[in-house]
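Questions regarding the structure given below will be posed in turn.
Note that the chains are named A, B, C and D in the order they appear, and that numbering of residues resets to 1 at the start of each chain.
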């Protein structure tokens, strides 16, 4: 077991676990960084018919290599459609055609509300983060939201410094009412994949640990989360990455190990 | 004189007079029917650099024949740009890029307000007309409006049955205030060309006869207009169509005589 | 993704268009699916709400055939010819039996855009100081939140079915068109169900070779009907011209109810579908509608990036 | 119409970009006019309000050079690499000297769209239940006139100058681009003045052969600058790839103010223009950025109609 777990990195496990959650999904809005490699891995494994949508204005991308960033000529060549960003955000995203929006975060709270704007005070932040990009509208309009990020007490916090992208707000009841009243098409966050495990959201709209990655411990999970951890009564262990999954990441998607080391 | 006037039709004189008014204009929004042939004649005579814009979604049309209607494949082939109607109406027209909007009308009043919707009561009209099409937004957003239509007591009326397209509203002062307050980019109607003469608008925003076509009389003009006619103190006579203008209409633009008879 | 959506017009209309539906057959003078309109008549649909910027001859025929209870439009005419006489018969005087909901062209485009974008309204500068908001109370004023005046709003239009004709699509419904694009993209994204009728069925690779040319993704398409000449008597850029004689001939026919009914009996009910219609028109008539010469766009290079 | 607007980058920037202007160099990862940004630095413009969805390395360089007083944006980063360190130096902590006006991507696209369409606002479903309207009071709620809830509005953005890079244009400024189109069309129509920088100057006939490919008409263009490789280190679909090494190298350089200044001295102030920049980069570096193979779009037929 230890040998085998030594055979893959925590990042690789995280990416593989995120990719597997996409099984059965049809249209996925791809974010920058980790989501980019996780979705491209899913497309090559559990979800070959997955339609990749890039906010840059591409539907049905067939990237011949792992895109270098959120925009890359390889996502256009051979795609079904390359459209203006107005059309992408208005008709595809706000129009309700996106099944899964994949987001990263600098800070997330127990209800899946996300901060990617600032750490500290908005006017004089200690750290100025990238900001919303498309995250704010993805969180509101995609049918469901997957989050992929590493755990730490700095990122899994009791209270986020700035709400860039709404999750389950103050809890499920409140969130469902507001989403219904405002005519939002999305139901918010459903999955959070970290370097330690896989979380889903319980009836109260709060994050619940459903699966621990091989080698990860409950204690490690608790030590890197800023609120009392909810653990599923039937906590599972995440199946290890397969050789096929590892080879795809290492040989094809990320030979440089930019994301997987 | 009578021989010469016999050498062209009233419609031909009307179209030629309208075309000449386009001298010096740059971007013209082309309407259906008479405006279509007048603008295409101007492009071949007094305004060779005129950019033809069709509401169907064409900028910089180079029609190889007189377009059969407001949409025609000949306005696309060889054009500068073929765009969606959203882009045409939002960016080109409402965005303020159109110098002259050319309109026809079923009814027009002394202030250049236009009706192309119904004759009689709206719910139970005696005649159901085509409606606005793009006329309502052309009247509001084009920098100035040219009107081309035949005179008759039925069409030049004291009160129009329905205001489809705003002109000088109740008069120039009122119209200028509203256009300024509402951020309209257009200044409204500036020219009306009929089968009898050429009208411009005076300081009060009312139609004034500035030129009578050859063979037309003041009496004829008065008999076919539903309000006390304002006549310019220095009333001119419209120069007759040249052989070149007539040949263009008869041999190239409208060999069938659909508009010119 | 690779499942074929190719269907006959009969099967597509039978499965997708239902009595009472709001149906938009869009295409601004260009790419008008007369073929789909005729099949809707043939299958005897009733109580349809027909939406279209320019109802054109196809809606005059459909309304003459009694398929519709209401018309949503912005310009009611036989382009370049005159009025739509069958529609006038049911909208003028005390016989007015067809419900009308009327906008301007930009208002209709804005309605489809709001529908496609899941917006509760779309703002535009039209309508101020006109009688249109009186005639149609769905055209409503809205204050700018920046204190700089009032504009008008139109509500979203979300057809149950949008039907468009295009030059080509693949079996998945990924559709490309060129020439006048009208509001087909907006009308398709706004719709619950979409039927695409094409001149030519092409391999997916043809579509993917020029992704900027795609106007409708298969993602929102329910059926692909392959019917060359399906837009006659309207035109298809690069394929055939408008059959203007047809538009001119329709004027006297449509002025007389009996003549209209017998035209429908002969050219719609009397035929099995577009193939028979084309055969009846005759190859001579069609040959005269071909472009006088080709006008190639030329090719651009997207480049391979591995 | 036939008067040439072709100018050198030096002359175009000198004539069109003024101190204090709101300037938008748009292009979403694709077609970013680094060349224009460098010329603006070289000519020492000051107090600019820089607008751009993704400020990217070019605005990090321009802000490091001191041309800007304010930044309007939606995503602040070095795509695929990390942060924009020069901008962070003037936006973090008590040194925060650069004014920020922040939206989401759709908010920025909507602002340009409202600007291009002369609308007083543009509605969208973003922002509800977020802190963005608190951080930016220009993001305001607006009630639907149809009684179905509240959405948010953003105000129009009308740059004094919009600068875009494209594959080709004619001497009149009629511009065609393919691949990612971002919001260049909206940003250009929204602007008072427009500069188009192209890889290739083509005859008007090339543009007119494919009117659906035109994104910006010469009507709104003030200058056409012909500069192959003008978008390096960003990419041009079909012409060259993103120079990722440049984006990676910029990270350590931009972390150190002195290193940043010496980079600007060497690569911007020390050079006369893009031609010298390209020569300094070296043909080997550029050769490695060419696509691995061509990927032709294929040609479509518009047809001649006489």
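FYI, a contact is a pair of C-beta atoms (placed from the backbone, for glycine too) under 8 Å apart; a residue touches a chain by one contact, two chains touch by 3 or more.
Please read these numbers as outputs of a predicted model, since none were measured by experiment.
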| item | value |
| --- | --- |
| Graph distance between chain A and chain B, where chains that touch are linked | 2 |
| Pair of chains joined by more contacts [C-beta pairs], B-D or B-C | B-C |
| Interchain centroid distance [CA atoms averaged], chain A/chain D, Å | 28 |
| Rounded Å distance, chain B centre to chain D centre (Cα mean) | 40 |
| Interchain centroid distance [CA atoms averaged], chain C/chain D, Å | 37 |
| Contacts with two or more other chains, residues of chain D listed in rising order | 113, 118-120, 124-125, 148-149, 178-179, 181, 185-186, 209, 212, 237-238, 241, 291, 295, 302-306 |
| Multi-partner residues of chain B (at least 2 other chains) | 58, 72-73, 76-78, 82-83, 90, 94, 141, 183 |
| Pairs of chains found to touch, sorted by chain label | A-C, A-D, B-C, B-D, C-D |
| In the complex, chain A residues that touch chain C | 27, 49, 51, 58-60, 62, 64-65, 72-74, 76-83, 87, 90-91, 94-97, 141, 183, 185 |
| Residue ranges of chain B touching chain C (in the complex, touch as defined) | 32-33, 55-58, 68-73, 76-78, 82-86, 89-90, 93-94, 117, 122-137, 140-141, 162-166, 169, 178, 181-184 |
| In the complex, chain D residues that touch chain C | 118-125, 140-142, 144-146, 148-149, 151, 153, 155, 167, 178-179, 181, 206, 209-210, 212-213, 237-239, 241, 291-306 |
| Chain A-facing residues of chain C, complex | 1-2, 113, 116-120, 174, 185-186, 189, 207-209, 211-212, 214, 217-220, 302-306 |
| Complex interface listing, chain D residues touching chain A | 28-30, 53-54, 73-77, 79-81, 83, 87-88, 91-94, 96, 102-107, 109-110, 113, 124-132, 134-135, 148-150, 178-183, 185-186, 235, 237-238, 241-242, 244, 247, 291, 295 |
